[in-house]
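The chains carry the letters A, B, C and D, assigned in the order they are written, with residues numbered from 1 in each.
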Amino acid sequence: MDVMPKWAEVVLVPLISLLLAAILSALVILGIGEDPVAAVKLMVSGALGSTYGWGYTLYYATNFMFTGLCVAIAFHARLFNIGGEGQAMLGGLGVALACLYIPWPHWSLALIGAAAMAAVFGAAWAAIPAFLQAKRGSHIVITTIMFNFIAAAVLNYILVNMLRPQGSMDPATARFPDATKLPTLHDILAPLGIEFSKAAPANISLLVAVAACIFLWVLIWRTRLGYEIRAYGHSESAAKYAGISPVKITMIAMIISGGLAGMMAINNVMGEAERLVLNATEGAGFIGIAVALMGRSHPLGVFLAAILFGFLYQGGAELALWTSIPRELIVVIQALVILFTGALDNMVRMPLEKIFLALRAARAPKPERKPVEPAE
Amino acid sequence: MSTATHTERQETAAPAIELKGISKAFGPVQANKDISIRVMPGTIHGIIGENGAGKSTLMSILYGFYKADKGDIFIAGKKTDIPDSQAAIAAGIGMVFQHFKLVENFTVLENIILGAEDGRLLKPSLAKARKSLMKLADDYGLKVDPDALVQDIGVGMQQRVEILKALYRQADILILDEPTGVLTPAEADQLFRILGRLRSEGKTIILITHKLREIMETTDTVSVMRRGEMTATVKTAETSPAELAELMVGRKVLLRVDKKPAAPGPVILDVEGLRVVDDKGVERLRGIDLQVRAGEILGVAGVAGNGQSELLEVLGGYQTGKGSVRVNGTALDLTGNKSDGQSRRNHGIAHVPEDRQREGLIMEYQAWENTAFGYHKDPAYRSGMLMDNAAIKADTVEKMERFDVRPPNPKLAAKNFSGGNQQKIVLAREIERNPDLLLIGQPTRGVDIGAIEFIHEQIVALRDQGKAILLVSVELEEILALSDRVAVMFDGQVMGIRDASQTDEKELGLLMAGITDTDAPHSIEEIEDNLAHAGGDPHKEV
Amino acid sequence: MDYITLIQLFDSTVRLATPLLLACLAGLFSERAGIFDIGLDGKMLAAAFFSAAVASLTGNVWLGLLAGIAASMALSLLHGLASITFRGNQLISGVAINFLAAGLTVLIAQDWFQQGGRTPSLIGGARFNPITLPFADDIAQTPIIGPLYAELISGHSILVYLAFLAVPATWWLLYRTRFGLRLRAVGENPAAVDTAGVSVIGLRYAAVLICGVLCGIAGAYLSTALQAGFIKDMSAGRGYIALAALIFAKWRPWYALWATLLFGLFGALETRPDVIEALVNFKVQGQLLAALPYVMTVIILAGFVGKAIPPRAGGEPYVKER
Amino acid sequence: EPALIFDLGGKFDKSFNEAAFAGAQRWAEETGESFREIELQSEAQREQALRRFAEAGSNPIVMTGFAFGDALGQVAGDYPDTDFVIIDMVVDAPNVRSVVFNEHEGSYLVGMMAAMASESNTVGFIGGMDIPLIRKFACGYAQGVLAVNPDATVISNMTGSTPAAWNDPVKGSELTKAQISQGADVVYAAAGGTGVGVLQTAADEDILSIGVDSNQNHLHPGKVLTSMIKRVDNAVFDAMSDGPGMEKGFNVMGVGNEGVGVAIDEHNKALVTAEMQAAVDEAAAKIADGSLEVHDYMSDDSCPSLSF
């Protein structure tokens, strides 16, 4: 039985939480002697005020959608996959191999091929911890942390010793061939007569990410597999009763999870950098945890949280460009947003619930209503 | 506890407890509405009411677990503020909750002293508690092993620990919330002997139960609650079960199962030499042979932990076993990859598990999602690659109506239904599948009498349609009321199979203790000893 | 590998294990009380900064230590506020704390010292210096036990001894005192504690604050004992490794010691490719070497450590009324 | 108004970003003018920052780090009227000035000093991450050591393979101690913030250390043998001073034109013997006139004196 109407829960609570985060951020900005109003203006106009800003915001959001979905699907099976970072790194390797060694005739085929490779590599990297958890009882949180470090070492080795073009200073692969160049939002929207900034890196991967959100929503809420994954996540004992195999669900959920993390690489590696560089993931795997938690593991929530983080990244970049505010301030703002919307949400919800209860009582003067059917 | 204190109290004759105008709401749910009640010292006061009537809430308020929105509490005539359990304990109140509040991986002794330690160091506290425990054990016959881990002892023992906890804190007022829901008849009898003992010492006891027989046999007065309100308080001697049932449910209730003699058909389930070894390597089933025919109910009786759960699990497909199990003549896979719940369902087996909250339902799932649970691969629930949620919801609405699930809202999460209605959701799901064989464990545990009546009717109706039913229950009364034949399990084996009409509680009770020569006389000690040495893992059945 | 090398290796193990051990015990207190804490890293980082900053400003490392502990406890309180009082998601709160510490330390450092997010180098009394235990110099030449005592046991900063003493102290507190009994109970079944008349909230706050104290010491150890000042992100993910060690240790104090020593040993081995090469008889490639501690952890976890069962009420806020 | 873009390490990386910042500040102080700057947070911002500054009219735009090579290659053509200066990388475009440093030459010189200062004939090298640039440092260093003492041992370690490797002074300390226990008595750190730990521990343990990029001799006077200075500050200062319309092309900053070299000042004067000074001067002269060629790891991805 809900105390609050759904709109209050879905809109009001996050909004007030964001507001609180903003107020505290403003205080921090004041604290380091800058003007918070100007800073917010700059962030908003820089991130959302132009197609250019949107192009960057959406580019970052695309990364976070993939990693957020990665964490979310695992959460549904009650698995805490901290390994999105490593899985995304391996996904990058998959994309690089696909783009460098297969002569693609057209970007669309390249996208499909590279996405498949990325997913396979990411999934493989998640499958090992999944297997160890399912069969050996190794705690997935530790193994995925360890696999992040191992992935970094593997990638470092491969980039420095194998894929780096001879004589190149950069521990990165060669540039991918032109045939693998993905259309940017500018290219996609131009035929529709929409002017979109040419410079921004947001590309067709955004659509793939949105498709992944929808795919995941369908998977989780509309398919038997999703039903089984959620059931397992809620209650392992009940899942066993229903004939749902814990090993199977653990493996499948983690493989999908790793595959999604891996697919992030089509955005940052194939779409933006067009080559694989060291540390291409830049912590997006960890941001994915925050995104999934804030989005309550719901694909729509992940989508919105990813956009919010994309906004913070791009807004923060604009701040860094035009003011002398240090980049660490952005980290602090992110922390406050995560804290207020994700962990201190009850601080907002509890008083709101009281208000709504009081309103309800006022509206129904006779509280003689039959109690709603009780729980045990 | 000096005798002077309670004689004094009896002389003053103030109620041991008086509640005045207690109200409590959980969000929009009004769990208690303006409740007043008096309980006299040295009496046992029963409280009955349907699931969700607010009994546990009221007692939790008295114990300081919840805070009342309104109302006053008087202890021994004095207005007492009980903001938390500490205050309740200080006021001499002890409570045994419906769901035990024990730390499973602590020892009995540690659980007893938790919160009632003397001083900052454990050692002296433990030594002192050990001594008092011995004394309490002697005084009341409450024997427990102080060094056993709570997770390793049976529910009966766990309950003893809870009672000892209260006595150790020198409680004068003891609240027991559905104490017998998980006890065997023998254990229940013992509990009531102890309660009688405590009453004779002047302690006041409040007993919540769904079992009218217990009310009639043990209480002095009884109060009835309905939908958050106290509807009546009567002297037990001046009432009858039928009257109480009516007060509770608001209509006449049939207290006996009304069934025709069975007309057994061919053998549906044929179990031969079934063995199960658990994860720890303990043999839980040691060669079970039994048969269930179409159109009959085979009741499986036994003290919790003697293999009944494993029997259901292996038949239900989520425990591996050795031996032979045939359903309609086809052998079931007991170990391989066809040994799972899905395959069992394909064989026409339906299963109402013993623990609806841990197994039968996903508590966070809505009713309609739970209706598909285990049958989510049914083609009827499918449209293309997706699940046909509309079809499932429609089906749920129908089932909810047929089984009188309240409220009939398919979008309400399972956890928001009362226990009885949760059980109805499971039953509806399994029975409506029209199975050849229905496995059913503890069908009425924690369910109020209105719902029990309904559930029993459904089970008998299914039998009358010619289905085979394997019923596992720790309630001998239920076993005897429903079954056509009764198999008694002890220590992983079937001690004997009796015709329900030819046996009684006494004979079954002895079989349950592993004693087959049921005609010879046996001492309580012998029975207890036997039970104690059975290789059961009673905890599993909690 | 000769004896002296072994001693050196273990010496390095002890140094590397110390911050992990402190953080691991910190996590142990918190998680044993039912509050998951992935914010160990952030607390360590904040403590590393504030201890170095205050030590540098006052010249007194003890004041620095106190400041570090205070900073870490402040973050603990924040975690408590979110996850105990407001029953928020403990994982999110931990993530937020890590971000907050990473950002704020540099911001404040820059504001106070203008040295690019660093504190000035600590000298003299602003640093914890190694302690030479009695007779260490006298018996250093004695074979076997001489080097053992003089090199391995003697010559660490006081915080190292404190960390190692914290193990039996934690064990004693947890298993031999009333507080410990209640703390363990509240992580397993808070309702049992509540109905026994003990405040769940009070216990959990106490646990979280102890966690803060220990993380504070861990952070101070990094910046004022191992190093002579703070630089940004200097915790370098050690909080996460401590968390892994905690699970590895199955939430038990003595196991925590062995687990962190093992991680320390892996770390020490990584700095000694020569030793590894002598053992395996071929040259170990650099990145493989870097991955070694993690690979070893996975192997040990999969091969030798059974299922780790966390405190049953862990991660869930205690809610009486829905 | 010129602009300066720092690499991901951030402007206070105790390394070349910091040196670049120092150069820009010196320019600002001397001219009284100001410059724009940004510390990147992500790879995607490279191109973004370049374009934004170019569009905002910043000129010249200076960037530090080889990682900008790719982005600048994309961007330079779009802003023909803007001058770009890239440090540590060569980008072939008409409006780009590429400044590269012969770190191997400077490292060679400090390697010579290390070998001469060492009494144990064992010296160490501690790098941040195992990337080609760091191998270039290590390789030059090892050549210098072996040139003075062919029997010397060079121990080389890398800190790690995640970005944390550049900011882990604790690990730096531990590596230093490990090298000391293997006999090293001079260590050379090319590891950003990790190097802080290396120099600190060397000072604590009473051995010598060698700083990198900027002059770090003052950090532990009398304990830092020298620093391999890489005059990124000069490169930035020059670029800003030259301003728009500067000379483009390929600038190699080596020992010959004082782009790299050893730092000798009051803090380490006592450590540098006349013999050392003479040897270094001689080698520097030979490198400058081409008679001594220090092998550059980048030329063939291999090192004759050290294996990785």
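Everything that follows uses one rule, which is that a residue touches a chain if its C-beta (ideal position, glycine included) is under 8 Å from a C-beta of that chain, and two chains touch if they have at least 3 such contacts.
The shown structure was predicted, so the numbers you read here are calculated from the model rather than taken from an experiment.
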| item | value |
| --- | --- |
| Chains in simultaneous contact with chain B and chain D | A, C |
| Most widely separated chain from chain A, with each centre as the mean of CA atoms | B |
| Between the pairs A-B and A-C, the one where more C-beta pairs touch | A-C |
| Between chain B and chain A, distance of the C-alpha-averaged centres to the nearest whole Å | 45 |
| Whole-Å gap separating chain A and chain C, where each centre is the average of the chain's CA atoms | 30 |
| Distance from chain D to chain C - Cα centre to Cα centre, in angstrom | 34 |
| For chain A, residues that touch 2 or more chains besides their own | 149, 153, 156-157, 160, 326, 330 |
| Touching two or more other chains - residue numbers and ranges from chain C | 117, 232, 286-287, 290-291 |
| Contacts with 2+ other chains: residues of chain B | 27 |
| All pairs of touching chains, each written as two labels joined by a dash | A-B, A-C, A-D, B-C, C-D |
| In the complex with chain A, residue positions of chain B that touch it | 27-31, 51-54, 227-228, 316-318, 340-345, 351, 353, 355, 358-365, 369, 372-374, 376-377, 382, 385-387, 389, 406-407, 409, 412, 415-419, 421-422, 446 |
| Chain B residues within the chain C interface of the complex | 26-27, 63, 65-66, 84-90, 95, 97, 101-106, 110-111, 113-117, 119-123, 125, 165 |
| Chain D partner contacts - residues on chain A that touch it in the complex | 56, 59-60, 149, 152-153, 155-157, 160, 164, 166-172, 175, 199, 201, 268, 272-273, 275, 277-280, 282, 313, 316-317, 320-321, 324, 326-327, 330 |
| For the chain D and chain C complex, residues of the former touching the latter | 10-14, 18, 130, 155, 157-158, 160-162, 164, 167-171, 173-175, 177-178, 181-182, 193, 196-197, 200, 219, 307-308 |
| Of all residues in chain A, those that touch chain B in their complex | 1, 3, 218, 222-224, 227-228, 230-231, 234-235, 237-238, 240-245, 353, 357, 360, 367, 369-376 |
